[in-house]
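These notes concern the structure reproduced below.
Labels run A, B, C and D following the written order; every chain starts at residue 1.
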Amino acid sequence: MIDLFSSIFMLSGIIFFLAGSIGLLRLPDLYSRLHALTKADNLGLGLLLVGLALHMQQPLFALKLLLIWLAVLAAGSASAHLIAQHARRQEADQ
Amino acid sequence: MNIISLYLVDILLVISLLSLAWASLTTADARRSVILFMAFGLVLALVWARLLAPDVALAEAAIGAGLSGALLLAAIGEQPGSSINVNTDHSEDVQDSNRSVVVTWTITGLCAALAIILAWTLLQTFDNVNNKATAQAVSENLTDSGVSNPVTAVLLNFRAYDTLLELAVLLSAVLGIFSLGGIRSPYQLAGPVFDGLARWLVPVLMLTAGYLLWVGAHAPGGAFQAGATLAAAAVVLRLAGHHNIGLPQGKSLHIIMTIGVGLFLLVGLSMLALGRSFLDYPPALAGTLILVIETAAMISIAATLVLAFLGGRPQMQKHKPC
Amino acid sequence: MLTAQWLYGISACLILALGLRATLLHTSLLRRIIAINIMGTGVFMMLVIIAYRGPDAVPDPVPHALVLTGIVVAVSATALALALLRRLNTEKADD
Amino acid sequence: MSEVLFVCVGGLMLSLLLGLVRVLRGPEAGDRMLAIQLIGTTGVGLLMLLSLLLNMSALIDVALILALLAAVAAAAFTGQQREPEND
């Protein structure tokens, strides 16, 4: 039962990951790519980690996974904002 | 099933690594080369993890994917003519601009020959069965080393000379940097988003450094990884436009620069005074001594990396930090 | 011989050779510093793959310790080289 | 169960490869940096899976460092130096 749930979580996480990557590759400009990427891969990682956490024997490891996800989430959104800001500044300079 | 998925990982990692190395080395633009080098470092950390070298992977993730990139980007920001538009500065970077085709191809040929000879020698090494002696020696003596992580045991006990001299190398690098010029100009004060990022990232990096230092005794981690992570915290503060990034001034700065080598040497010499040989710790005390030395080493390594990012000796503060 | 050994071993040699070629061919000093870093990576990779014994075996810790030392020395050498480069640029600008 | 892990590893490697194409193609520095963020996140996921497959819990720590330092890299990329004051 746990195996089934964890598999569903992990596989749907991978689908989000791939959606984000394909968006990064196919969308026409930086801002729309950013849009696709930040949502998809953070959610994808979250789902993947939930799936993996169901397998962890020690609760400490599961806690660590949660911590890492929070770090990726906060860092990812801030980085994306900074990169967009940087791109805007470059455009303004030209 | 595991083996097949590992083959897939291996092949794709190698393709990524080689194409990033090639792109970073051959692109015309210097800034682009640095960004590709950062991606290279990131993939490299995955390669070390795949090759069962988590200690190395930790160091690569901290240094290769983060700090080296920050150092190189800071250097790019200062290149002459780069302040207006970084992308127009192609003329200096085109690699073959004033070299003849003959020279280029001779060098390429020689490098290819070197690669073939090296690969041939390396593949011979793998077939040699007698190269397990060092691994055996480590695992036999591990219980006397004071730690249970074999890499830490090698670094701080069995081959402590190496680490002592490495800390000396770091110190001389800082002294060299001090003698070459002043500190880089500071960064613009961060906007609200960057400020918010720094507010949580800096304490988390510092906590992680402490964790890595502690865990290094029995699991991957240790002074190098912890020092690099601690340095990253200070680098973030600097990038966010702060003047006060936690480095002390004057005498105290000299102390934290030298404490790694100094304490290491002191411990080594006191072993000599106790009638043992240099850096030969008594097994009962080894764990404590290693932790003390590692803490000092972490502080010195972090100070070295931060000073390298600053690019020189920090000036005395004229006004109080706000 | 394990598949991983020749795969990573040959890549290590290739990375080293590519780095060396770029070190010799580039005229920009900054690019040479990056190239030397990539070259060093090839050496590290050789050491790590020599330590590797297969997916289920414990690798040799001694080369790992050497690589760890090497990474830290490489970054400090890079920092020193960048400081030299910076001084060189200011000297040029003053002329 | 190992089949699912295998599929996940394959999916993440594919995602990494797509990010790699964007890093190599650019065209702007921002695009490359964005792709580096993707490679970082994918790397975090991959390290988790490898820690299960290779039975090495230490790779979780590597993933943590990778996640934190990706933010440092983005900060270093966007940080702007002030003009020198007395030059």
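As a convention for this text, a contact is a pair of C-beta atoms (placed from the backbone, for glycine too) under 8 Å apart; a residue touches a chain by one contact, two chains touch by 3 or more.
No experiment lies behind these values; they were computed from the predicted model shown.
With steps allowed only between chains in touch, the distance from chain A over to chain D comes to 1. The greatest number of inter-chain C-beta pairs in contact is found between B-C. Taking the mean Cα position of each chain as its centre, C sits at the greatest distance from chain A.
Centre-to-centre spacing of chain A and chain B amounts to 27 Å, using the average Cα coordinate of each chain.
Remark: chain B and chain D have CA centroids separated by 18 Å (rounded to whole angstrom). Note on chain placement: the centre of chain A and the centre of chain C lie 31 Å apart, centres being C-alpha means.
Per-chain Cα centroids separate chain C from chain D by 20 Å.
Shared contact sites, meaning residues of chain C that touch two or more other chains, fall at 55. Residue positions of chain D touching 2 or more other chains, listed in rising order: 5, 29, 33, 35, 54, 57, 64, 68, 70-71, 75, 77-78, 80. The multi-chain contact residues of chain A, meaning those touching 2 or more other chains, are 71, 75, 78-79, 82, 85. All chain pairs in contact, by the document's touch criterion: A-B, A-D, B-C, B-D.
Of all residues in chain B, only 2-3, 6-7, 10-11, 14, 17-18, 21-22, 24-26, 30, 33-34, 37, 40, 44, 47-48, 51-53, 55-56, 59-60, 63-64, 67-68, 71-72, 75-76, 78-80, 92-93, 95-99, 104, 107-108, 111-112, 114-116, 118-119, 122-123, 125-127, 131-132, 134-135, 138-139, 150-151, 153-155, 159, 162-163, 166, 169-170, 173-174, 176-177, 180-181, 224, 228, 301, 304-305, 308-309, 311-312 touch chain C in the complex they form.
The residues of chain B lying in touch with chain D in their complex are 1-2, 4-6, 8-9, 12, 15-16, 19-20, 23, 31-32, 35-36, 38-39, 42-43, 45-46, 49-50, 52, 54, 57-58, 61-62, 65-67, 69-70, 73-74, 77-78, 83, 86, 184-188, 194, 197-198, 201, 204-205, 208, 212, 215, 219-221, 225, 229, 232, 235-236, 239-240. By the touch criterion stated above, chain A contacts chain B in their complex at residues 71, 74-75, 78-79, 81-82, 85, 93-94.
Note for the complex: chain B touches chain A at residues 84-85, 191, 193-194, 196-197, 200-201, 204.
Those residues of chain A that touch chain D in the shared complex are 3, 6-7, 10-11, 13-15, 17-18, 20-22, 24-25, 30, 33-34, 37, 41-42, 44-45, 48-49, 52, 55, 61, 64-65, 67-68, 71-72, 75-76, 78-80, 82-87, 89-90.
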